[in-house]
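Below you'll find the structures, each written out as structure tokens.
One chain, chain A, links the two complexes that follow: it is found with chain B in the first and with chain C in the second.
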Partner chain A sequence: MTSQTAASAHLRNVNKFYGPFQALKDVSLDIPPGKVTCLIGPSGSGKSTLLRCINVLELYDSGEVRIDDQLIGYDSPGGKVMAANRLREMRREIGMVFQQFNLWPHMTALQNVAEGLERVRGLKRPEAQARAREALAKVGLADKEDNHPSHLSGGQQQRVAIARAIAMEPRIMLFDEPTSALDPELVGEVLGVMKQLAAEGMTMVVVTHEMGFAAHVADRVVFMERGEIVATGSPRDVFNNPTDPRLASFLQGYRERNSLDF
Partner chain B sequence: MFSFQTIVENFPVLLGSARYTLLISVLGCIEGLILGAVICAAALSNKRWMRRIAALYVSFFRGVPLLIQLLAAYYLLPVIGINVPALAAAVLTVGLCAAAYLSEVLRGSLNAIPQGQAEAAAAIGMAPRDVWIRILLPQALKIGLPAIVNELILLVKASSLVTVVGIVEITRMSQSIAAATYRPLEIYLAAAFIYLVINLVIAQAGRMLERRLTV
Partner chain C sequence: MTEIIQRYGPDLLTGFGYTILSWALGTLLGLVLGFMIEIARRFGPAFLRYPIRAYVEFVRGTPFLVQLFVLYYGGPLIGLRLDALPAGILGLTIYGSAYFTEILRAGFDAVPVGQVEAARAIGFRNTTIITRIMVPVMMVSALPALVNFAIILTKETVILSMITVPEIMFQTQTMMSETFAFVAPILILALFFWGFVELISRFGRRLERRFTHYLLDRS
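Up next, the complex of A and B:
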């Protein structure tokens, strides 16, 4: 269903500053449609910033970000900041899932998912709720629609958050460390839902520390360090034959930390 | 001798005057909450001139005694050609003043809401007005509920000041009855009792609402 309409995203020479600090340095990246692109790299390397420039939760300072061939963030390259209503239209096509879930605590699971369908897509409540139920069923939470977030486990909350995003029928999905706030035993259920989305042909950009997920589900892995893309390639290239020394040392550190867990 | 008889005889009249206290408090509270939300939105706006207006508004209505505001509304508005009945002027002024305090309560509560709440709404393309009304305000009202209840109780008590523009609410009525009956102790005790009951009801309603909002 999503496969024909899946969007691509393209970053060209994107720069982002926080005051004097440069968080993204001339980043260029093509995100192919219907594929899973995983972003890995040390903390503070700019992964979240890159992701948030794609839906302009952070406005990049220069360069170009496109969804398919449409520029987002500015009216024209180097031009005026895009009008707010135009940006909102484009954001409907871009789903986002956050590390902290960011569910709305005063609403039930169903209301969390139906809210955007009503307010943004303008559906009548019964129709919005019917679609919200479908989305909840898809993430395996049909029986939890009346629960408020505080009465759901972390894994369930994140699945509701995914349902909230996919109910809007986005053409590309951004995930910012979707399992980092979860207890280890709850990680699997969220990754399971993400794999299912990937199998349906959704374009996905996933910032993750789950190297297992990146190795098995990603079509491409992108390694960032200090605001730059240092290496990209297939999971096999990146994980088995890291040519870049910084990537090799990052992976080495990861392996050591994770074998110490035993 | 303490005279229960005086209290019993005058209680209905006193209670009757409580309708003005209630009217001014309830309408002032509704006006204060709506306007307070607007002022708060302005205070958090990214437009500098909106923030300036909000800041000026709050300093003025918090800085000038309500009594002066009431007198100003009552005597000055007609001078500039606006003729409003005393009751309307009183409700308006009390609400304007309450808005200043309530906007600050809301602003404090909003700061306690994680930034991700509004981001999640923005990410699905929700318009700022909806983010405000559907996502932020309900949470701010819940967080600020104890402080809001506090402001409402202050409002009920402050409503006694509207006597200066000639409205005969509980306080004014008890003054006249006390003067007529020479029984100030009994009458003021009765008035105090009515205020107390009103405020206990508000406090209880606040607690019940708080419990209902806790999920």
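Up next, the complex of A and C:
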């Protein structure tokens, strides 16, 4: 896997509405290159929406989203919606991993990874498959390339999904609750692969409920509530010295649910 | 009976031929048209949606025989002069397209959104998403219904006899009116359709296995 220069992402005054409901309220955030940024917060706080605005799976209504200095979603700030081919080009730089894995069920693990290389990057099949094998090896699934998703565990499926994303050599990776659909004993293998990616200097934006992962791997933690960024800082600041009362109560609730005192 | 078969055998074979031809073309073209209509409805401009809905409701809401008469006898009024066979095939195509498009609509709806989003996130173009992801995925649920409607269409072909397409029903009727024999012709007709439908459903099951092989346990 040739390593590309990691990209940064920048959100400026981003607003997103679903009908009358405002999912993002004037959100501004800088995602530094080569770092892990974890988004935490209660469900419905806008974490996933924010993430999906970065690769425009959701089109934000106003504001600016940039990958490095390139605007994505619109031709110009407040201008026309970006043309489909231009958006596709920009999306090649952005990998995404979903809560529900979203592998294509009719393809083997290898085909799932190779498909984008063939269809989007235009590689010939042998070349695409060779690169797909590298990516599968990297997530520890070299021996599963012929399995269809239905014959893989959740953790394995998610690792194939990560391989599918990294095979495209993205410069930034988005993770939307990558371990939330997994049985607890399978969470570790996925987090392990993510740590490895982080160590290689990939820009990562991770929406997560895994506070342990956020505490140990994140360079920056962003706490959201009701469509707003309420607090941001190093894991130490956010987890150990929460100054914002909403953050403090969110963490308190988390600790109570995950406490080992019966 | 042998005498009748000897005398009418060639006509009956011709009839089988026309039935199979009009079914095959009508089904194939109906499926293609139905697919195009569904793609237009799903990915095309919004102003197409209402006319498409009207088309589907009209075709599904009127008897096939009426549609065929409108096409064959009414067509010349608007300059559409077709021989019986092309008119019959076009009629089947139109009739089939309305049902196929509805089956495909349900099929497209059943494709998990996330699988399409994953493809979009990677940067696939829409045509690739449709051909490589949506169609294979939806076939699991849509194929039995598509095959089922193809089977229904085999039997709709007998209606083409009403506009003088020389298919099997037409031949059988000729045979009946000339010989006053009823049992043998009807029996032949029934056996033919039974065998025909059996073939289609076997073929359909093979196709289903092809599209669903990954769901079968082979670990």
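To be clear about the criterion, the second predicted complex is superposed on the first by the 255 of 262 C-alpha atoms of A that agree within 3 Å, B and C clash if a C-alpha of one lies under 4 Å from a C-alpha of the other, contacts with A are read in each partner's own complex, and residues count from 1 in each chain.
Just so we're on the same page, a contact is a pair of C-beta atoms (placed from the backbone, for glycine too) under 8 Å apart; a residue touches a chain by one contact, two chains touch by 3 or more.
The model shown is predicted, which means the values in this text are computed figures rather than measured ones.
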{"item": "Simultaneous placement of chain C and chain B on chain A, clash or fit", "value": "clash"}
{"item": "Which superposed partner A:Arg88 touches (first chain B, second chain C, both, neither)", "value": "both"}
{"item": "Which superposed partner A:Arg171 touches (first chain B, second chain C, both, neither)", "value": "neither"}
{"item": "Contacts of A:Arg159 with chain B and chain C, given as first, second, both or neither", "value": "neither"}
{"item": "Partner chain in contact with A:Lys144 - chain B first, chain C second, else both or neither", "value": "neither"}
{"item": "Set of chain A residues, in rising order, touched by both chain B and chain C", "value": "55, 57, 84-85, 88-89, 91-92, 94-96, 98, 100, 102-106, 115-116, 119-120, 148, 150-151, 161, 164-165, 168"}
{"item": "List of chain A residues in touch with chain C within their complex", "value": "55, 57, 84-85, 88-89, 91-92, 94-96, 98, 100, 102-106, 115-116, 119-120, 148, 150-151, 161, 164-165, 168"}
{"item": "Chain C residues within the chain A interface of the complex", "value": "112, 114-115, 117-126, 128, 132-133, 136-137, 211, 214-215, 218-219"}
{"item": "Chain B - residues contacting chain A, complex", "value": "114, 116-117, 119-128, 130, 134-135, 138-139, 142, 213, 215"}
{"item": "Complex contacts: residues of chain A adjacent to chain B", "value": "55, 57, 84-85, 88-92, 94-96, 98, 100, 102-106, 115-116, 119-120, 148, 150-151, 161, 164-165, 168"}
